[in-house]
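Worksheet: one structure, shown below.
Labels for the chains are A, B, C and D, by order of writing; each one numbers its residues from 1.
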Amino acid sequence: MAFLEVRCLTKEFYGLRALDRVDFSVEERKILGIIGPNGAGKTTLFNIISGILRPTAGEIQFQGARINHLKPHQIAMAGIARTFQIVRPFGNFTVLKNVLVGFGHRFYPGLFSSAYRFEKETHLERAREILARVGMETYQGSIAKNLPLGLKKHLEIARALALDPSLLLLDEPMAGLQYEEFEKLAGLIRGLREEGITIVLIEHNMQVVMDLCERIVVLDHGVKIAEGSPEEVRTDPQVIEAYIGQEETVA
Amino acid sequence: MFGGYIITVAVTIGIYIILAMSLNIITGYAGQISLGHAAFWGIGAYCSALLSTRLGLPFWIGLPMTIAITALTGSLLAIPCLRVREDFLAITTIGINFVVQAVFLYVPFFGGAMGIGGIRSPFSTSSFFWITLIFVLVCIVLDRWLVTSWIGLALESIREDETAAAISGIDVVRFKVAAFAIGSGLTGLAGHLYAHFMTFISADDFGFPQSIVILSMIVFGGIGTLRGAILGAIILGVAPEIFRPVLDYRTLIYGGLLIFMMRFQPGGILGDQSVLPKLFRMVRQRSPALVRSG
Amino acid sequence: MIWQQFANGLAIGSVYALIALGLTMVYGVLRILHIAHAGVYALGAYVGLLVFRFIPNFWLALAITMVASSFAGIILQRYLYAPLLALPRIVPLIASIGLFIAMEEIFRLIAGPYILAFPADPGLGGIEWGIVRITNNQFLVFLVTVSLLATLWFVMSKTKLGLAMKATSQDLEIASVMGINTERIIATNFLIGSALAGAAGVLVGVYFNSVYPTMGSIPAYKALAIIVLGGLGSIPGTVLGGLLIGLGETLLLGLINIPFPRDALAFIIMIIILMFRPYGLLGKE
Amino acid sequence: MLSVEKVDVFYGEFQAVREISFQVQGGELVTIIGANGAGKSTILKGLMGLESCERGKITFQEQDITHMPTYQRARLGITLVPEGRRLFQDFTVEQNLVAGGYTRTDASAVERDLQRTYDLFPILKERGHQVAKTLSGGEQQMLAIGRALMASPRLILMDEISLGLMPKYVNEVFNTIESLHREGVTILLVEQNARKALAVADRGYVLETGRILIENEARGLASDPRVKKAYLGG
């Protein structure tokens, strides 16, 4: 049984198919890359897995249970965390408070536990640990909206990690970062996998995808056009066409 | 101890503080703009008045019942508000205000245009002042508890970004309803105090202009902060009394004040970005240095 | 009887539409709830009455009022709203409410709290048509609103200015890429909307033969219900919403005689419709 | 015709482009290629005045336009085919095209260009009275290009026009670009689809995280191993 299994997933907007019968699965403790040109439906796929959008048809199974009818917060509780392509931290919160929001998932559902103080030292301690994990322990008092883009992206990962996820969906974590930051973030992602978190990664930077992922799924116009190891995908003529256009036109 | 006039003003301001705090929970913390807050206040007051005059319930028994009923009605009225966002929400809440007021005015059960009179208060005017003061303090404690609890964190996350809050495990619908329930529960308290202090209420007391007054208080003081809600309620509560000598220009000054504030100090006088808190922070940062050098 | 109520409802509804149109136009380009619009409406009634007292000619009063109120609208846009656009939306909203309160007070202080008569007779005469009698004043309201709405329709759908206005409300940035001076278009929106509100003020003043400081209060909020009903920013939706509310109020109260205040009905209709269409009748997500 | 000297453009609070310099000569088809997030769209927005240039200088036909408002740039003859098309969704196809020719006063020339656009994209004529949002992705893209052409521009800025298009539409759109180029229209093309862009362009710039990495003739870039590496990591 695969850890996450997506079957025949279809999403239509106003009659247009953003996703067309997409199938794939992820094994536990693996990193799956999802690539494809703009408009291929990658972010839509994440929005469906995380419950923000409802699929038109198809099914998603997570650890053997069907999750495609759940609300976003229920999916988050089930252990699926995500980041956004266009970062959306809680702008007026401090960095530490952003992480605490994610950490609160174990207290929100209970009528009494949700009335407890969130600024307990044990909670703060755990939040600081998570910040240290993404290398942001010195920024805990900064207001999130004032951070540079690179740190906002790290902060989103920290907030996601506070959910104690077993599956992490990263939507273009490298976009907008400087080259120097790529290696650091790639190291972090590898480390998370070592700790037992399964990762699905949307990324445009090919170098990063090829280095990090065991398997890659290629989407184009909502259709899965290829799946395989980085080497297989890189030499796939359909992928080359979808990505940089037909070879022969350059003649 | 004080003159009757002063006490009346003080009790009114105390009730306004509770109202401003309750709206601050819905609009300031949870980010759900409500332009119909007076409706919830009215529900509290009418509920309290009916319990007192029809069932003859004493003050302290009517109080918890009023709070509970108002909180329940508030969360029911929040249901149409969950379907709509931003400006649609703002106007829907105006609509709720007009409809609720119309019900009070036209349904004979609520006394119609005559309102409800003869609500008996067990307290003298001056002890009412102390009771109001105690309730204000209790509300302040409650508010402090709320913002430091997981509920408060969830509400503020929803204000910042609903989607991001949802993927962080927050049940947005439940917490929005909770904000309306807590907020209108407090207006229930304010309504109970008001009904028993005035001993007579009518639908005119809870119209849309009152909602604007309450909203102006929290915007004036600095939306989303407790100190702003309190100070806004005090200033805008005292203002009409101060301007009493220029009675004719009172409302004009009030309107002008709102324009002036929004134009030049849109964060409110105690909002984080405004002059006074900045000055305060500056002084606090400098003063140790001054002490040392002196 | 029902046709008589129908005529009354249409007259009221078309005035509602006229007031709400300016509101929807402003919302369309700036996404601001311009409550003080109803202040411009009341201002129109007073200006019209003032002009009428000097020169008792209805049409001249109407024309001068429209010029004066459009002027007022542009001043509001330039000096009140323009500096507030980048701030949270509650800020221009409260400023607008503050301005509306202040305007009502100014009217009261200058003209007194009394109801002033506006006995203009445009010399049109009434019409009797079977059992339906359209009064002199109703006929006036129909004539003026229909011609104003027709003019607006012509400007919006047949002229380059209308094209630019619609383009600006759909995508301000891209409109400027097309060479449209979007700042001027925003000002034009205020100009037209305020002129319509001023005209509505004169019409209502004459229709009920009364002008008073708080005459804008009810229209201010009812117009909000109407534009939400129509789908915030949609011009045809607003006309539809105005007529629907005007007719709905008159028919429900006149025929069924439900024990409910006229002014809350608009909001009940609005809330019920919003439950099924959260973006209004002709609104878009 | 267009000269950009050491320009910095910010996108919100984030500096998307720094100290960027390049030129476009009259009649040229120049492309800027680079991965997502490299700052390509921001450059075009800066040229059009939709994002402000903090430093540097932009000249168009010997005129300094660095701080000119967008609509005045449009009146000088610059136009943009924006990313994501951004049609006036509630307008019909024809209204969109007419809006494109907003600044022009010569009605007969506008009518002529309308016919020319319809000749170029016959499908648009067929759909003339259909509302823009009901068009397919490819048709919308053609309409966006047509709308820009209606301004009879001296310089067209094209932003990611193959984005989200079916491959057959991609070919059609690029054929259109080539024929416009042959007619002498000056074009600055920003594209992720590097091969396609280089196949039609005269010259190209490769952008990487806000800086220009390489400048060369398009043919030279197409065979440059560094370009391939920047894209496919190999």
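In the analysis below, contacts are C-beta pairs under 8 Å (C-beta built on N, C-alpha and C of every residue); 3 or more make two chains touch, one makes a residue touch a chain.
Here the structure is a predicted model, which is why all the values come from computation and not from measurement.
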Chain pair, B-C or A-B, that carries the greater number of C-beta contacts: B-C
Separation of chain B from chain C, taking each centre as the mean of its C-alpha atoms, in whole Å: 32
Rounded Å distance between chain A and chain B, as computed from the means of their C-alpha atoms: 41
Whole-Å gap separating chain B and chain D, where each centre is the average of the chain's CA atoms: 53
Rounded Å distance between chain C and chain D, as computed from the means of their C-alpha atoms: 42
Arrangement of touching chains [line / ring / star / complete / other]: ring
Pairs of chains found to touch, sorted by chain label: A-B, A-D, B-C, C-D
Complex interface listing, chain B residues touching chain C: 27, 33, 80, 83-84, 86-88, 90-92, 94-96, 98-99, 101-102, 105-107, 208, 212, 215-216, 219, 223, 248-249, 251-252, 254-259, 262-263, 266
Chain D contact footprint on chain C (complex, rising order): 160, 163-164, 166-167, 170-171, 173-182, 284
Contacting residues of chain D [partner chain A, same complex]: 14, 35-37, 133, 136-137, 160, 163-167, 170, 192-196, 198-199, 208-209, 222-223, 231-234
In the complex with chain A, residue positions of chain B that touch it: 145, 148-154, 156-157, 160-161, 163-172, 175
Chain A residues within the chain D interface of the complex: 14, 16, 37-39, 148-149, 172, 174-179, 204-207, 209-211, 221, 234, 240-247, 249-250
